[in-house]
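Look at the two complexes coming up: chain A is in both, with chain B in one and chain C in the other.
The block that comes next holds the complex of A and B.
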């Protein structure tokens, strides 16, 4: 499979169809892989794909990385299904044009949840829970795919959420709050959750605004809670569930539980899941005259 | 130097004794998880206050995710309060608690980092003292614990430390087999703690066994780099624009994970948290990896590209720090390697610099990056 991807990447670079191929390469440690930008055809053999390829590469397509992208007119990117959902969502939000991007889709069997859980194979004990109910293991939107793409029904708007969401929602409100108080106590606001997110595309993040300062930048309870809750709200209906925010958190805080819960709400209210259609606008930035509106009490 | 032995199984009792002596005890502790065995769960080991000896992971696991930094240099603290009355602004002092603290189970890399923080916050030569830091430092005692199982990200031997080093320690523990620990009293503060634990300490230590254990663990380190040529290479200003910086650093996404988990990173910001006509002036952790860290009011940003921010971090560790102070800028704990979401690895820079220093005539610039 990876040979076909490499050959296609080589062709694209040789013909000058793209300036760069964003993919995965071996990391500095056997359990890790790393994002890589391939600019020369002779370097395509560095490209790999296996269940250790966790990163959501579309974050580099985000406008935040304008400096990195300087001089790239057309970019090829290796994408597993969930990453391609992020690309589709960026296009639907006018952050990216479809013809600027060449998508090299890869068939995916799931990825490991954290590099430190990699023991040489993928199994129930280390497969990220986001992969359990995935309907894009054969990706939907591609320019190149090794082999035939089977027809897959992706019409079900309901995606499973992690067991932890249900566990939390079963707790009484004060216990749920106590859980977050304890976990957020570890947060020091490094913003890894923001920086790995393919959808955080503001030029200036609201937490970096100073006039006025909407969110206290210090990592005290108020500053931490207002940051994480604002972040969760800004991703409602847009989060494609890559889980990178939790994976990237250096303090092991499961910040994506908020996003997963909001995903459930959007599914229940609007029968919508983001990242499947290039045209669809997500429910919170559009309206329909025949909206059910049954949540307005 | 006074030595003794201690049963490893008595560490819980040590903690109990220290807690009973009205000391705040900080120890590595596994944090509860929603789904302990779930596929997404990882061990979350952090330095946390413990109230009893039943609840700690001293000597287990490798390194807590946080260092001991936050117990000396707080994540956030108010410097003072203020209130505007008419045309006058009144400055109101804020009361800070500085409890007498013992941190137990500190690994040698973290212990070595304390001196590095001291260089910045309480260096007599620099003529400046951060009172918050020095107050906490003077009331904190470190009981360190030699490493037994370094992982593939550890590289302390590459920065002149070792997994059994007692640098920065007050009381140092090393496993010497049969569930026994060799105890070394290093400082007066360590002696005071040893006195509190005297019922649990026995006879003389076994220096031979301790040296042997240390050497065995040192052998286990796999990530070995030559840091000797780095400073000179960085001092050569021509290398400031070397092609390496962009090639290795362009994948950096600009989060502050590496700096916040780093035991020697110490940058902070100060803002006024205002509410109506009063508020607090607050000091809190900042990171040189953030894009607005060097953003000028004019809109100009001298570090306009992410790889330049990482270049600053590397220079800070291996040039600016050693140039200004005698303490290490990097202690080789490997936290930045483990924490990096995109596997940006400081030891790859170290290896690259060593290579470039040894091959000065190698290509200086890659046309692809111009």
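The block that comes next holds the complex of A and C.
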């Protein structure tokens, strides 16, 4: 499979169809992989793909990122299904044009939750939670895909509820609040969750605003809560669930629980899942005559 | 340092009952920046306003807060007073301590504390208020009238006679609406067409009125004084300018279908005018039926047409026209005659499949589907009309016999929470009385019975009219009808007379149902296209039920006639004239002042996700290219057109990067206001 991807990447670079191929290469130790930017055809053999390839590469397509300012006209990117959802969402939000990118889709059987858990194979013990109910193992929007694309039934717009969210939602309201109070105690506002998110695309983040300073910059409870709740709200209907925020958190806070819960609310309320349509606008900014109105009391 | 004046109003006892205004004034006087405080009985009174102006002048106040009722009530009053005293009106804010405080609390201590908080929040907020200047906007002195019924015609004529250019958009091929269907009108029994058609001709001949017949409004953008309408002129397949209305085509057309105008009681040709007096007298081809258009067969009309004006290739045409005001006169529908159409009674806008078991059980048990001689009011009008399908002779639809006994049933569907609409349809008592008279005049030996709940005849000459109907032979029975069944070629009406407490059976040749007036089936979509409010029955909502009965919830859009609620002709006409007067008042100035409380974009921060463009209900946000000093493209950004912006704030909340500020409600103002109140929550 990877040979076909490499050949296609080589072809693209040799013909000058793309300026760069973004993919994965072997990392600093055997459990890790690293994102690579391949600019020469002879380097394409560095490209690999296996369950260790965790990073969400669409991050590098976000206009906020310096790589997008290098003047590259067209970028090829290796995408597993969930990453392609992020790319599609970026296009829907006008942060990227479809003809600026060339998507090399890969069939994916899931990735590990964390590089340290890699023991040579992927199994239930180390599979990332987002992979358990994945419906884009065969990607939905590609320019090149090795092998045939099987028809997958996508008639059900719902993704399964994450187990972690379900457990948390079973708690009483004050217990849930207590959970976050203790969890957020560890947050020191490094903003890794923001930096790694493919959808955080503002030039000036609301947390860096000073007139007025809506989000208190200090890492006390008020500042931490207002940051995480704002982040969750800004991603409602947009988060494609790559889970990078939780993986990037140096303190091990499960910040994507908020996003997963909001994802469920959006699905229940509007039957909408982001990252599947190049045109659809997310439900919080659109109005349909048959939208649910039962929350207006 | 700010010099803020705070004026606490007692509103007689309205506020003072649950708020200690003196204490609020004392507390606010101690706040930073507050240099003047008043506690007065009625701030909105003339002496109150004088006190307000005097304080501004004498103390040199640079911002004022009035702690009183809702800004909806008196914000304009105090802003105008401030302007008169030389202070920028946008440096005046209202702290609402009546609707949001004194009226909702019983405990004076609570009310006082909350009033203190509300006023203190406003003190902190007003320190960030900037003096804003109003925009001057141009005004298009041209009016759009939607609907060419009697309401639209009346409003258009009134406006045109005052020198205003008017465009009427009518979706049917002719003006006239429902009134053109009526035979005679209550309470004077004058012929409807005789009083209607001269008006229609007057409209057609008036140099300032343009009629867009067979056209629909697709989109309305813009705002009061500066609307832009997209009008879809549906293809008539007949060239307007060439057609002489000679009638050769519709007489020769070999095909026919049910006539909508005649309520399906007669046939019309495929190329047709709805009725002989139609205005404009230009026929249209029904493209859903015409064999030439469907399968390229026939084309006889084109062969016989002298001026050669039939064009089978015609397409819909889109016209974009600017208007300053819109009058909505889209009229009503009669609740469908379910006996003929659906074989059973059913609530409006509800398909039989959707009925619950309970509703299904509640349906009157009848063999209704077969009862073709059960007709509704408008169908009866056509039977009684001299230009109708029977030439004015009242003959029943099934076999064309002249009915000897006719039963009229009032309140069918109206005043009926379970099976119909809960409101009184208002005109049915009167038109039923009229129908009995029309029937008695046509069939002298005939018997007519009216089953009614109550007679509601409030209007000039109305009660007398009912009495006259009874004198002329109509027998009124107070009670409801439970069942209609077929007996031979007659209909057995089983009802009750609640005054004598007896069951009444009548064998009728024909039954006329006074079905309720309901809103047009697509009125909700029309309201959404126009951006105006509507109620649960689909009638358009007026701004204020008593004081602003012809204004819609959107500025510059006015409501005339039955689209706003059930009405008879005199009421419709007077409301139409009222809308014309409102439009004339709007057009009396050459330009309009616009509030400066609009959104502005920080274009450097804008990340052009266009969420604001998506949410803006007024299409006020454009995508613009920013250039560097050499004229090279730099980036895209949003731009809010202050003329179109209504200051609703939707873009402001949708913008994640906080690149949009709403003037008068800036982030700094709101933040100051919130932090003045909030402590640490966690």
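Of note:
In the analysis below, the second predicted complex is superposed on the first by the 293 of 297 C-alpha atoms of A that agree within 3 Å, B and C clash if a C-alpha of one lies under 4 Å from a C-alpha of the other, contacts with A are read in each partner's own complex, and residues count from 1 in each chain.
Assume a residue touches a chain if its C-beta (ideal position, glycine included) is under 8 Å from a C-beta of that chain, and two chains touch if they have at least 3 such contacts.
The shown structure was predicted, so the numbers you read here are calculated from the model rather than taken from an experiment.
After superposition on chain A, the partners chain B and chain C are seen to fit next to each other with no clash. Shared-chain residue A:211: touches chain C; no touch with chain B.
Between chain B and chain C, more residues of chain A are touched by B.
When the two structures are aligned on the shared chain, A:234 is found in touch with chain C, with no touch to chain B. When the two complexes are overlaid on their common chain A, residue A:175 makes contact with neither chain B nor chain C. Of the two partner chains placed by superposition, A:73 touches none, neither chain B nor chain C.
Of the two partner chains, neither chain B nor chain C is touched by A:292. In the superposed pair of complexes, A:94 makes contact with chain C only, with no contact to chain B.
With the two structures brought together on chain A, the opening angle seen from the C-alpha centre of chain A toward chain B and chain C is 130°, to the nearest 10. Aligning both complexes on chain A leaves chain B and chain C separated at their closest CA atoms by 6 Å.
Per the touch definition, chain A reaches chain C in the complex via residues 63, 93-95, 181, 201-206, 209, 211-212, 214, 221-222, 225, 234, 281, 284-286, 289.
Residues of chain C that touch chain A in their complex: 524, 528, 604-611, 614-615, 654, 656-658, 667-668, 671-672, 680-682. By the touch criterion given at the top, residues 27-37, 39-40, 55, 59-60, 64-65, 67-68, 113-114, 116-117, 124-129, 162-164, 167-168, 179, 182-183, 186, 188-192, 194-196, 208, 210, 213, 216-220, 223, 243-244, 246-248, 250-252, 254 of chain A touch chain B in their complex. By the touch criterion given at the top, residues 31-32, 34-35, 37-40, 42-44, 46, 65-66, 70, 75-76, 152-153, 250-251, 253-257, 259-261, 269, 271, 273, 282, 284-285, 287, 290, 292, 304-306, 335, 337-339, 341-345, 347-348, 368 of chain B touch chain A in their complex.
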